[in-house]
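Listed after this line are the structures, all set down as structure tokens.
Below are two complexes that have chain A in common, paired first with chain B and then with chain C.
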Partner chain A sequence: MQNILFYIIAVIMLVACWRVATTKNLIHTVLAAFIVLMSTAAIFFMLNAEFLGVVQILIYAGAITIMVLFVVMLTTAGPRYEVTHDKKIKPSMYLSTIVVFATLVFLVSNIQWPMGTTVLQLEDVTETLATKIFLEYLLPFEIASILLLVALVGAVVLARKE
Partner chain B sequence: MDTSLSQMLILAAGVFSIGLLGALTRKSVIIVVMCIELMFNAVNINLVAFAFYSGLEAIRGQVFAIFIMVVSACEMGLAMAIAILMYRNKGTVEVNKANLMKW
Partner chain C sequence: MNDVIFMVLRGLIALAIGLVNVIIYLYVERKVFADIHVRLGPMRVGKHGILQPIADALKLLLKEDIIPSKADRMLFVLAPVIVFAPSIMIYMVIPLTDNVVANDLNIGIFYIFGVLTIVPIGVLIAGWASYSKYSLLGGLRAAAQQISYEIPLLLSVLGVIMITGSMDLRTIVGQQSGSLVSIGNIGIIPNWFIFLQPLGFIIYFITLLADQFRVPFDIPEAESELVQGYQTEYSSMKFGFLQLAEYSNVLVLSAVGVLLFFGGWNGPVLPPIVWFFIKVWIGILVVTWIRMTLPRVRVDQLMTFGWKLLLPLTLANIALTGFLQLYFA
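Right after this comes the complex of A and B.
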């Protein structure tokens, strides 16, 4: 049952990924990216990472997709604007992608991954996550918040009119 | 039958490779950054899958995934600001038009 669900999500995700990489209409590309991000959230829910799944939906599928849509509409000559591919160097790009994918699949199927005795339990994942972040990883958390602030100020400084 | 770790890893490898293909072939800066975002997503799937399949103490994988999300959100915001700036200065967002520093 879970396996069937996984295969359905995986197929949706890979097809949408392919649409992101190849569709010429920019708006369709961003909408396909939205589908990929939502199915990533579904994978997170399958893997007992409910907090990450919700964050994925809120931040990625919600905020970032809307922001990218805004930028597409601000920077191109309308949604019908099409970006052409560079035909001349395309085969080498396909080749390098296939090499990367083959290497990854080879490694995944040949390495003996260290497996735990049990999978992650369902009940208090978010609570454990909060404890880890706010006790063990407090300093990286604060640094990440400063990084977000700096990026926010930097984006405003870059994009405002002189 | 339940899903296994290798299935998740191969799915993430596929997403990563297609994201790489998009980042290499697309010409719009916005879509290149979007494809890099897909590659971040593949890494997050890997981390969460490792956290799930290697037992109780491995929730650190999810902590790392949160930090990756923070960093990629920063990167996305800055990249969109740069795309707007580039459109204002050059009138296009195609990457091959940004050749001012090309030797």
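Right after this comes the complex of A and C.
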């Protein structure tokens, strides 16, 4: 049952990924990305990681998709706008494709993948995560939040210049 | 295989209970409106118009389904689904009593607010796909409003989660049994979190109204300026779904409010499930009453109110709760 569900979700996810890359209408692209993010959340739920699944929905599928939608709607030229692709293939495209593919092949074939999975017996996943973030890794967490704040303030300053 | 069938069955029962309540809500709202206006309201279909919501649904189903020729067909059809799906997803985790729940999730409350963030996407898509000025403006306003008010909505609940130390709705309700103040054996004030988190509850209630576009925050569908907002171009059952989603979400948020602040199914004499529904329906009646009483606020007032007043207040509430917990613990 779990396997069948996983394959269904995986197929949906791959089709949506393909749509993200090929669709010309920007809003359709964003929605395809939304489907990818939601299926990622579904996979988290299947792995008993409910907290991560909900975070995925709340932040990626909810907040970020909305933000991208707003940006697309407020910047592009009307609802009929379509992205135009430059059909000519340049040498740099071959190069970047080969480099990325080779790196991936190298990494995938060299990593010692753990065989089989074990279910972690955690009393409360939320509590464990909280202890890790707010006690063990407090400093990196705070540095990351300051980084985000700096980015936020920077964006406001840049936008206010005009 | 058996447990899969059982799981699906439980989901369907939860869905049925939710939808039946939504249908009753449609009827009750019309009757309460009529009462406040000193008129009779629907009286013709069935005794006292009790079959009116079913007649309405049939009418919507039988009407011609018009898709505007310039609309983006795929997204136009998809948008009502995206708007309606979250409320179905939420029915699955709301416990009606201690042992009646379709899927007992130990982060229930977090899940509910996570899923609710999908709604503005559907609203925005609905407004955009219609290819109409009113729809687009309504959709943008609606999405902006929901995003701004979801933050205080989520943060207002945090006080309760801090007190209980759990995001499991059953644990939260379990901690509200008994009484806060009692004389002898008779409890006078129940141990509900509204007495420990009054500010949290007030903010929760205001943001509930704003998040689901109830009056006085129904700016996205301000009839006098935007016709019907993002729903303008919709007809037939697609319009029905958009409307149902709003009613359904008010129901869901009322239920969550009862579970968090009013002791859920705790109560004397009557069985727990009856207490739960009594409290949920009192919440819905208050929302309906407010809808008939207050005028609408302006769009700039709405944003100022949300970001400059409610957000700092919720943060202050969280800080205060944490401080008191440290002091008394």
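Following the convention adopted for this analysis, the second predicted complex is superposed on the first by the 131 of 162 C-alpha atoms of A that agree within 3 Å, B and C clash if a C-alpha of one lies under 4 Å from a C-alpha of the other, contacts with A are read in each partner's own complex, and residues count from 1 in each chain.
As a working rule, contacts are C-beta pairs under 8 Å (C-beta built on N, C-alpha and C of every residue); 3 or more make two chains touch, one makes a residue touch a chain.
Treat the numbers as computed from the prediction; the structure is a model and nothing was measured.
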item	value
Three-chain arrangement built on chain A, chain B and chain C clash or fit	fit
Winner by number of chain A residues touched, once chain B and chain C are compared	B
Which superposed partner A:Phe51 touches (first chain B, second chain C, both, neither)	both
Which of chain B and chain C A:Met73 touches, first, second, both or neither	second
Partner chain(s) touched by A:Ile27 [first = chain B, second = chain C, both, neither]	second
Chain B versus chain C as contact partner of A:Gly62, first or second or both or neither	second
Which superposed partner A:Gln112 touches (first chain B, second chain C, both, neither)	neither
Superposition-derived minimum Cα distance between chain C and chain B (Å)	13
Footprint overlap on chain A, comparing chain B with chain C	51, 55, 63
In the complex, chain C residues that touch chain A	1, 4, 72, 74-75, 78, 105-107, 110-111, 113-115, 117-118, 120-121, 124-125, 128, 131, 136, 140, 143, 147, 167
Touching residues (chain side chain A, partner chain B) in the complex	2-3, 6, 10, 13-14, 17-18, 20-22, 26, 29-30, 33, 36-37, 40, 43-44, 46-49, 51-52, 55-56, 59-60, 63-64, 67-68, 71-72, 74-76, 83-86, 90, 93-94, 96-98, 100-101, 104-105, 108-109, 113-121, 125, 128-129, 132-133, 137, 140, 144, 147-148, 150-152, 154-156, 158-159
Chain A residues touching chain C - in the complex, by the definition given at the top	1, 25, 27-28, 31, 34, 50-51, 54-55, 57-58, 61-63, 65-66, 69-70, 73, 79, 124, 126
Residues of chain B that touch chain A when the two form their complex	1-3, 5-11, 13-22, 24-28, 30-31, 34-35, 37-38, 41, 44-45, 48-56, 58-60, 62-63, 65-67, 69-71, 73-78, 80-85, 87, 93-94, 96
